[in-house]
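Think of it as A, B, C and D in the order they're written, each chain with its own count starting at 1.
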């Protein structure tokens, strides 16, 4: 059995502190074999930089997945091609910088495939994530039976459709992007672990990470507001997934919510 | 103290059966004072009819809220004006059939205000739900201190913004529409209970209530598919909210997930 | 030189009558070599049927292109595979019924390539129309130098971007879908004829073909309204494009607006 | 009779030069009584500043209307309250800076009402433009019979619905925002002049004003691109509308396209 930890969108400095303060204990107590975190909001709430990625790696994160904010900090465009531990949605058009999936070795020497895809409903015009998933699973054949997908998407219907579509072909489908953890974690019929959204690791008292006054004002006035990451106490959102490393089938999925 | 039960979107016959089989026991065991259910998908997954509404009332539901599917069954247009226990989003333009809020008396004689609003992000062009909420709270002044809002919306940011906007002015903000229960129920600083989404009461093994094969095919082909409510076993999603009836402040919020 | 006629979205019976009454004279007077019409709204304003397609062919249309309404009449799904004169957006996922482009012979024996693509901005989640265009132009190489694209799209930016992207590689990019003819027809620098939208062939006194009272009511009430094609007098919208058949370069583009 | 000139979205320096070089001759030759220009892209393609507004006024523009880009340059927020010749969409929430309509006196002393509204289809969540129009027309009663609306909107259906909705109650409905002039200018049955889009005054060889390579790259890569206004030659797009100043009915509408 192999145990994966998937951390929901890490937002800003507070989110990074949450990772640093929670990860060591969690990895030790839960005996985590591989740590994956969504880092699309890790740098000031918007995108990621080399420095921030290294900070997360130093804290124990081993793979960083991204999302619609992947290109917000420009330096990522050069950095991502030299850092195979940071992956971006695989369904960007061919030729996009970086890679959309990778194989990563756990402490115990097990190879785990990690995939990142973006949804399309209420989101940018990406390539079809369903066909893209098919192609990646084909590429993983014979190379890795344990595979986790971070499906970064807005609509619950698209996320559930993806999970059922891949059921029995992948170990886990973890939704990200809405920054709110859902309470629907389960193992589907053919052995795929699924949760609609892992949630957010960042400011507790906020509107999905942002200072709440700014978001409220935006909705009230319909005028542009520069968003800032909220301060205060943090929350740490993640899921722990147990996978049978021979079959790739998920055995268990457990939600985690730690509060400062 | 008064105890409210808010049931997440009831989908089709299976959802109605879930209500019938779960409600009596819940009301008795939890000593619920008022039962509210979102019924926008109660009739075959799409809208509501008089017959279906009466079936829910007979099962113990006391107030039915709606959402973007409110007008899907045409007969509602005439029915809703004669049935004040069914409310639709209050931020439809003035002159829309039915009402967007109402006052309802519990068994113990307490008056509870129930409000229904629709979000606008990724949704139809309604009037501003924030200003509409202000106006309704003004109208409730002196008439009811216990007030619950069913905020039927897609985006987590809009839902959280509404909850913080109304914090201390309303007893509870319960999100609906995504059909997936979130794990973020909490009492905000000034006493408003909040959950991003109460979830769905309907077919377990489905994509937000719909036969999963149809939804997957839709995403794969981008061609129209007539959606059908899934069959099989049900799930029952709700929240129980305790409110101090003098101050209107929420004391507790608890998620409920029952499975057949 | 070869002369192409591209007719804007034919809407309902009135649109078909406009085609029947205008086409023979136009073909004769303007010496048209090939007649293409967008037929996505030809059957009652929504989709197309075999009968309606045959009616348009009988009236002189030689190629029918479609758009987002292509599948609205279900029978098209079987019909389109047997009728190579009806093409649908080529950027549907692989495996969709029908074809997205074809080669058609003019009276004079010249082979003309006709392509249909759908935009993605404010439209369904299709495959990338730009890369799809590249692949089709590649397939046409050596087989046809005269090629016309019906780019069925909403956003003016996406349409202009496509035209400039294909400039010098295709004879004409004719936008459709908005049902309003634009006044920007021109020959781009490298020889591609372009117009943002060819317009609509259907009821004059209407909101893009629909009874205006119904559309106004929909905007005012935000409630569903069953749309009906307007009646009254027709308009006929088209463009005439002259192409050098050796080089495939456009020589001229002229707008046509006939009114009953 | 009074003659109004409405200039389509002025884009950047090139657009301003087009205004300066075309306006004096046009006003003199066509005997224009009032000059209105959409200025939402006048400052570097995005928003407007005091300096740029004064430049347009000096060139002969008398009223500047705006659109979705109104707040892009921050200084407008203070400036707009002190400059009643710049109006922004009237259907921003109450309390927004500036005004959404105004009354302006022509050289000959006639009072003309000018209104600016934003559409909602594929656009931000504004208040209902239809009901907002009703309220403004009510406010104009007895004060001005000549009234022009700049309806800044994306969807052709919303623009046509507005024009028919106001037919006979307003002198002209001029659409803006798509940056492409439409060829459907006409006088509706009850006397309202209408055009779906007046077009753009800015760089000819561009994708709606922007350097075409940048827009194409954006569509191909789905990655962020900083847009820049294109250079080269300009185009000047406008309409001339003749109105009977007693009845407020439009007598004529004529499109203008000047090219450098």
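By definition in this document, a residue touches a chain if its C-beta (ideal position, glycine included) is under 8 Å from a C-beta of that chain, and two chains touch if they have at least 3 such contacts.
Remember, it's a predicted structure, so these values are computed and weren't measured experimentally.
The minimal number of chain-to-chain contact steps leading from subunit C to subunit D is 1.
Two chain pairs, A-D and A-C, are weighed by contacting C-beta pairs, with A-D ahead.
Subunit A and subunit C have centres, each the mean of its CA atoms, that are 42 Å apart.
Chain contacts: subunit D has residues 93, 125, 128, 131, 220 touching two or more partner chains. Only residues 71-72, 77, 92-93, 95-96, 124-126, 220-224 of subunit A touch subunit D when the two sit together in their complex. Considering their complex, residues 93, 120-121, 125, 127-128, 131 of subunit B touch subunit D.
Those residues of subunit C lying in contact with subunit D across their complex are 122, 128, 130-131, 154-158, 160-161, 164-165, 178-184, 189, 196-197, 199, 205-208, 210, 212, 215-216, 219-220, 255, 257.
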